[in-house]
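In order of appearance the chains are A, B, C, D and E, and numbering begins at 1 in each one.
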Amino acid sequence: MLYREAGQFKTSYSADQAIFPILQDRLFVIALIVLAFLAPVALAAAAPGLAQYLFTEILIPFLVFSLAAVGLNILVGYCGQVSLGTGGFMAVGAYAAYNLWLRVPLVNDLIIVFLFGGLMAAAVGILFGLPSLRIKGFYLAVATLAAQFFLDWIVARVKWLTNYSSSGSVAVGNLTVLGIPIDTPMARYLVILAVVVVLTLVAKNLVRGHIGRSWMAIRDMDIAAEIIGFRPLRTKLLAFAVSSFYVGVAGAMYGFLRLGAWEPLAFDINRSFAILFMVIIGGLGSILGSFLGAAFIVLTPIMLNQLPGWLGLHMSTALISHLEFMIFGVMIVFFLIVEPHGLARLWAIAKEKLRLWPFPH
Amino acid sequence: MARAAHATGEVLLSLENISLRFGGVKALTDISFDIRKGEIRAIIGPNGAGKSSMLNCINGFYHPQEGRITYKGVTRRQMRPHQAAEQGIARTFQNIALFKGMSTLDNIMTGRNLRMKTGLLAQALHWGPAQREENEHRAFVERIIDFLEIQHIRKVPVGRLPYGLQKRVELGRALAAEPELLLLDEPMAGMNLEEKQDMCRFVLDVNDQFGTTICLIEHDMGVVMDISDRVVVLDYGKKIGDGTPDEVKASPDVIAAYLGTSH
Amino acid sequence: GPASAQNEQFIPGLVYRTGAYAPNGIPWANGVADYYNLINERDGGINGVKILYEECETAYATDRGVECYERLKGKGSGAPFVNPLSTGITFALIEKAPVDKIPVISMGYGRSESRDGSVFPWVFPLLGTYWSAADIIVQHIAKKEGGLDKLKGKKIVLVYHDSPYGKEPIALLTERAKMHGFEFTPLPVTHPGVEQKATWLQIRQSRPDYVLLWGWGVMNSTAIKEAAAVGFPREKMYGVWWSGAEPDVRPAEDGAKGYNAAMLQHGAGKFAIHDDIKKFVYDKGKGATKWDEVGEVLYNRGMINAMLNIEALRIAQKKFGNKPMTGEQARWGLENLTLTAEDVKRLGFEGLIRPIKVSCADHEGTRAGRIQQWDGKEWKVVSDWYESDDKVLKPMVEAAAKKYAEEKKITPRDCSKEN
Amino acid sequence: MVLFAALTLAQLSGAKDVATASFVGAGAVVAGTAGLLALAGWHRARAARESRPPGARLQVSIGLACAVLGGVLAAAFSGRGWPMWLALPATALVMVALAYGIERLVLRRLVNQEGIILFMATLGIAHFIDGAGQTIWGSDIYKVDLGLPKDPIFLLSGVFEGGLLVEPTDLIAAGIAGALVISLALFFQKTRTGRALRAVADDHAAAQSVGIPLNQIWLVVWTVSGLVALVAGMIWGAKLGVQFSISLIALKALPVLILGGFTSVPGAIIGGLIIGAGEKLSEVFLSPVLAKTFDLAGGGIENWFAYMLALVFLMVRPQGLFGERIIERV
Amino acid sequence: MTVAQASPAADAATPILAVSNVEVIYNHVILVLKGVSLQVPDGGIVALLGANGAGKSTTLKTISCLLRAERGDVTKGTVTYRGERVDQLTPNELVRRGVIQVMEGRHCFGHLTVEENLLTGAFIHGNNRRQTAEDLEKVYHYFPRLRQRRASQAGYTSGGEQQMTAIGRALMSRPRTILLDEPSMGLAPQLVEEIFEIVQRLNTEQGVSILLAEQNTNVALKFAHYGYILENGRVVLDGDAAALRENEDVKEFYLGMAGEGRRSFKDVKHYRRRKRWL
C-alpha cells in the first residue's frame, strides 16, 4: 500500500492527462531532477577526483546516450520504424555543429550550435525517411543501414567537413554557453543535463498528444491507421525528423562535450547498434526505458570491467574483458527472458505490485 | 417498412458496375447498388462472397479494376484510404484492427485525429491551445466512452481486452470521427445475445441521433432483418438480391444461396 | 602499507588483449609488462621506487580508451604519462594532456606534427612518426629504382586502415608525389579490415608499381593473402612498422614470402636485455607469456617503449628526487630524454635501438629506420639505415602545428628560450 | 538495375583489357559466399518472423559468430593434430550441442515474442559466444587447412595481358554455396519439417496449438544454421583465416537478403550476384572517378554501395526481387 | 448454484478431462480465473458460456497449455486428462495425447497456402502420406470452399475461409478431444449449422469429446449435452443443456426469450442493467 493512488481524484481532464498523474511519481521525478543538478555539484566540492571520473565517464555518456535513445525510441518504439542509422545521424549532428562552430565565429554559443546540429540531422533524417513509405519492417532496417554507411562515408571522405585535417580527426575548444565558458567536467555535465531535461520533457509532451498517438497508430497497425485518416508518409517523416533531431543533438553533444576531439569512427555502426540495444533493453515505446537502457548499456561493461578489482581478484586483462563480454551477453538474455518488454516494463510491474502490496493481487 | 424517418432518400454513395479481381480470383463482378443518406444498409452473403472487399472498395483500400464510385455526388476512381476518412467515411474491421499497444482511451482519441490541428511546437510545449484542444476532444471521447459503457477499461491496453470489448472499442473509434458514413464489418461477431442487443442499440442510436448513414455486414440474420432498412445480398462476387429485408427474405435466389430453409 | 604506497610509481597501461587487433596488441603489452616487472625484480624499482603497473583493456576503441585513461589517471601516485597504443586514442588524449598535465607518449604512431614540442608540449611521438615512416619507405623505393628522379611516372598505392592511423601518411605521400611526379592513390579499408576484395581487384586492375600497407591487426594478414590471391608481387609491398610483425605474415604462410616492412629501428630477435628478462622474470615464473614468444617484433617494441618510459622517469628523478614522478615532472624527463650509445649498451638494448635525444623542438628524438623482409620463416634486414628527410618533413610539421595552434588558439612556446 | 548489370557485362566483354572480366568471376563468387552468409541468417530470420512485419529479423550476426566459432573450432581441433575428417564432425557435434543449449536456455523462454526481441537475444548470445570463444581459444587468427588449391589460376593469359583471374577456392565456395542453397530450398518447401518451420515463422501460438513442437523446431533451425555457418566459416577460414570479432562482416549479407527477397532461394543467388558484382565493380570503376571529381579523401564506396543499390531496388519492389508479397489486408 | 444436480454426464465414472479449482494470473498481476472447475465426460459435448471477458478463452488456453506463451500462469489448481495431470506439459505433448484447440480469432499461417495450413495439422502424425491424404480429403469434403481456395495464401482468404481452415487444420490431427473457441464466429448461418453438425458427427461416430466456448448460446445449447456458465472468472451455473435451456435467467440473458419468445433487436429500447449472479 506504499504506492497508493486511492484518494487521488482528478477533477479535470488536464489533471488526468498530466505527465505524471500520480502524486508519488511527480514528487519522485522532481526530486530526481533537483538531485541531478545539485548532488554532483556537492560531490565535486567534496571529492574532485572521483567527481571528475563520474562526470566524464559515467554521467555525461549516460545522459548523451539517453538522449539519443529517447530519439531512437521515438522512431522505433513509438512509430515502429526500425532504424540502424543512428550513428550516422549522430555524425551529421556532430559535424554540422562543428562546421557552424568553426566557420561562423559569430555564433559560438553551444546551444545554437547544438540546435543547428539537430536541425541538420533532422533534414537528413527526413531524406532517409522517405523510403519508409514503401519499405517496412526488417527491410527498412536494412535500408537505414544505407544511411549509416553513406553518412559515415561522407564525413570520412569530404575533406571540407573535417576542415582538411590530415587524419580526418577534428577538435574543438573554448566552448561557451551564454558567454559562460564550459571548460570543467562539471560545467559540461550541467549543460548536457539541462538540454536532456528540456528535450525529455518535450518528448514526453509529444508522445502523449495527438502526434504521439499518430505515431503509435502507425506502429501498431499502419493500414488501419491510414484508413482512419492518418497520412502515413507525413506521420513517419515527422517521426524521422523529430527522432533525428534528438539524435543529432546527442551527436553534437557527444562530440563537443564528451570527446572534444573525434573522428568519424566515433559514430560508426557499432554506435547505432549500441543505441538500438538501449532502446530494446530499456523498453520500446517508453521514455523512461530509454534512460534505463542507456544506464544498463553504459554502466554494465564499466562495472563488470572493474568488478574483479573491487573484489580483489587478480585476473588478466584479457580474461576480464572476455568475462565482461560473456556476462554482458548473459545479462541481456536474462533481462529479455524476465521481461521481453524491457526494464521499463519491469519497473511498471514492480510499481503495480507495490500498489497492491502487501497483497499478492 | 420505412423505419428511419430521417432517411431523406437522397443517394449518399452509389456504386456502379464494380469489378475487383485478385490475380485469378474474382472477388466482385459487376456490382451496382447505392446507399441513401441516413439509412442502415446491410450487406450479407456467404463466406468469401466479397462483402469485406466491397467495404474496402468504398473506403479506398482496394481499387476496383472497373466501375465507378460516386460519393456525395463526386465520382472518384483512385484514392488513398486517408482521403476517404477525410471525406467522412469511418469503419470497423472484421479482424479487429485496433492499435494494440495503446489504451482504450487513446484508441478512441485516434478517431479524432482529423479534427486535431495544433502543430508540433504547441504540442511540444503542451501549453495553451494544445492543451485546450486535447481537453475538448477528450470530453467528446468521454461521451462516447459513456455511451458504449466502457468506462472501466479506459486506461487498459486494448491488446489485453476480451474480443467482444475490443469490438466495442473499435466502434467507439469509428464513432469518434463523427462520420457521415459508417462502415461496420461484422460488428457483432463473437458476442452473446445480450451484447448483441446492446450493440444494435448503439447502432440504432447513432443512426437516430446523429443521422449517420450506416453500411453493415453481419451474419446474424436476426440482427440484419431487424435493424436494416435495405439489404444487398452477394454471392461469390455477384449481386443476387437487393431490397428491404422482407423482399430479400422472400427471394428464392437468396434463400438458395445463403439463407437456407431454416430461417 | 601507506609508507610503501608512497614510494610506488603508478603507471597505467592502455592495452588490447581481445578483439580484431589482439594478435598485435598482446605481444606489445607483454613486452611492456615484462620490462616493468624486470625493473622491479632486478633493481627493486626505479632508484628504489617500485613500479605499480595496471592494465586496462581498450579494445582499440577510442571511447573505451578514454574511459581507461580517466579511470587510471588519478590512481596511486597519479599517472606520470600514458601510452595509448592507438592513434585514435592518442588524438583524443592530446586534447586532455594540457589540462590534466599528463604527457602522452605515442612511440612510433600518433599525430605526426605533434613532434613539434612548441605547440604540443605534452606529446611525445618518440622514435618516429608516420611521416617519417612513409618517407623512409619512399627513400628505399627510390633507391631501388635508382634515385628519386626515377620515381617519375611510377604508380604507388597506399592501402590503409580507414582511421586516423591509416590516414596519417597520406599528407606526406601526397607531398612526395607532387615533388617527384609519381602517381599516388590511397585506398581505404574499413575496420576491422577483413573485407579487401575490391581493393585488391582495383590494384590488380591499375597495376601499381608499389603498394604501401598501413594496416593493423587482421587487416595486415588479410592484405597479404589478398595480394597473393590477385598475384601482386609481395616484393613490391611495403608495410609500415605496425604491419611488419610475425602475426601479420604467419597466417599468410608462403604467400607472405618477399613481403617488406619498415622497421621502427628494431627487429625481432633476442639481445642482451633478454638474458635479464629470462633470469629475473621468466625463470621465476613471472613472465607475461611463453618464453618462445619473447623476442618477437612487437614484444621487443613493447619492451623498448617501457624502457624509454623508465629512462625518462629516471632522468626526471635526477632533477626532482627519487620518488614517484608526477605528470609534469615526467614531462620534463621526457623532454630531456637523452640516451647515448653507451647508455643503450648499458641498458642491454644494443642492436635494438640507436641513440636518441629529445628536445623541446623535437619530441621525436630520432627518425631513423630500416627495411626488413619476410623470408618465409623470419624477418631479415635488407637495407641500410635511412633517415626521414627533414627538408621535406619540417615545413610540413611546422605548417600543420601552426594550423592546430590557430584552431585551438594556443600560443606556441619559444623553444629557443628553453633548455 | 538489370540494365545496369547488363551494361557492365557488355562493357566487360567488350573491353580490351579483359583482365577486368575477372570481376565477373569474382562477383559470382562473392555472390556465392554472400548467398551462403545470407542463408546462415535466412531461415533463422524466417523463424523469427511474425505475421505482422516485426521490427527486425537480423539474426545474421549471430550466424557469423557461429561461423567463426565453427571455423576456429575446426582449426583448433585440427591444430591438435586431429585429421580434418575427424575435426569436422567433432566441430559439427559441438555446433549441435550449442544449438541444443541455446534452445534449452534461451529460446524456449522467449516463445511468442516479437522478432526484434529475439534478435536482441541472439545478439546477447553472440556476445557470450564471442567472449567464451576468445577465452578458450584466444584471439589469434586461425587458419583452416582444407587442402584446397590456393594459387590463383590465370585463364587466357596468352590471349591478353593479365589473363582472367580465377581463384579456385572461390569456385569451390560458389559450388558449395549453390548446393547448400538448393538443398535448403528443397528442405523448406517440400518437407514436413520445413513446412512446420515456416508455420512457426508465421505464428508461434497457432503453431503450438496444432502440436508443432517449438523446441524441436528451434533445435532444427539452430542446428541447420549452425552447420551452414560452419561451412561458411570453413570456407572463410580456408581463404583468409578466422578470428573472433569479425562477425560484423555478416552485415554484408543483408543487402543480398533484402534484395533477393527474404524467403527466396533464387533471390539469394541472384541478389548475391547483383550485389557482389555491383559492389566490386562500383569500387573499382566508380570510386576512383568519384574521388577525383569531388576531391575526396579516397573512395571506399563499396561500404554503402550495396545498401544503396538494395534501397533503390526496394523502392520499386518493397518485398525484394523474389520475396513473398507482403500481406496487406484488413 | 447448480441447476440439475444429477446429470448423467457428470457422474459418468471418470471424466476424460477435469479442471479443478484453477486460478490464472496474467503478467503476474492480472487475476483472471478465480477457481474454475469443470469436467468433460468421455464422449460428451460440453459448452462453456459467458459474457465477453468472462474467461472462456483463458480456460481453454489453460487446458491446452497455451497460456504460458501469453505470459499467463496457473497459480492454483490442476488439469487432468484421462487421469493424468497435464498442466505442466507443453502444447505439443498435449496434442500427441489427442487434445487440440481451435483458437479464437482464426490464427492461420498467413504465408502458407490453405492446403499447407491443413497439412501442418498433420504434423504429429509424421510422414504417413496415405493417412494425410485421406484426412485432407475428409476436410475438403466438409468444407468444399477450401478445396477451391487450396492454393491461395491463407493471409488473403476471407474471414470465414480462415475460420474453416483453422477448424480443418485441427481435424487433421485426428484429435480425441477438441477445444473449440467460438467456432461460429464470422461464419454464415448455414455454415454454422454445418459446423455443429460436423462436430456432432465427430462426437457420435468417433466418440470425440468436445469442449466448446461459444457466444451463440442458442446453437451451443442445442448441440451440447452439458453447459457451464462463466462470469468474471468463476463458474456461476452449470447443468444439463436441456435444463439450462429451460432456466429462466439463461432464457432471458442468453437466449433472448423472456417469456413471450424472441424479441426484435429493434424493440430493445433501453440498455438493461444486467442481472448478475455475482
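Worth a mention:
As a convention for this text, a contact is a pair of C-beta atoms (placed from the backbone, for glycine too) under 8 Å apart; a residue touches a chain by one contact, two chains touch by 3 or more.
In UniProt terms, the chains line up like this: A, D = Branched-chain amino acid ABC transporter permease; B, E = ABC transporter ATP-binding protein.
None of the values given here were measured: they were computed from a predicted structure.
Shared contacts of subunit C and subunit D, meaning chains that touch the two of them, come down to A. For the pairs B-E and A-C, the larger set of C-beta contacts lies at B-E. Using the average of C-alpha coordinates as each chain's centre, C ends up farthest from subunit E. Taking the mean of the C-alpha atoms as each chain's centre, subunit A and subunit C sit 37 Å apart.
In this assembly, the C-alpha centroid of subunit B lies 47 Å from the C-alpha centroid of subunit D. Inter-chain spacing, taken between the CA centroids of subunit A and subunit B, is 42 Å.
Counting partners per residue, subunit C has 17-18, 22, 26, 162, 167, 170, 188 as the residues that reach two or more other chains. Among all residues of subunit A, those that touch two or more other chains are 156, 168, 221, 223-224, 227, 318, 322, 325. Multi-chain contact residues of subunit B (touching two or more other chains): 61, 93-95, 97. Within the complex, the subunit B residues that touch subunit E are 3, 22, 25, 45-49, 52, 94-96, 149, 160-165, 186, 189-198, 200-201, 204, 219-223, 226-227, 258-260, 262-263.
Within the complex, the subunit D residues that touch subunit A are 45, 49, 52-58, 105-106, 109-110, 113-117, 120-121, 123-132, 134-135, 139, 248, 251, 254-255, 257-258, 262, 291, 294-301, 303-304, 307-308, 310-311, 314-315, 318-320, 326, 328-330.
On the side of subunit A, the complex with subunit D involves touching residues 76, 80, 82, 131, 134-139, 141-143, 145-146, 149-150, 152-153, 156-159, 168, 221, 223-224, 227, 269-270, 273, 277, 280-281, 284, 318-319, 322-333, 336-337, 340. Interface residues of subunit E facing subunit A in the complex, by the touch rule stated above, are 25, 27-31.
In the complex of the two chains, the subunit C residues touching subunit D come out as 17-20, 22-23, 26, 160, 162, 167, 170, 185-190, 192, 194-195, 197-199, 201-202, 204-205, 207, 218, 221-222, 225-226, 228-231, 247, 251, 253, 255.
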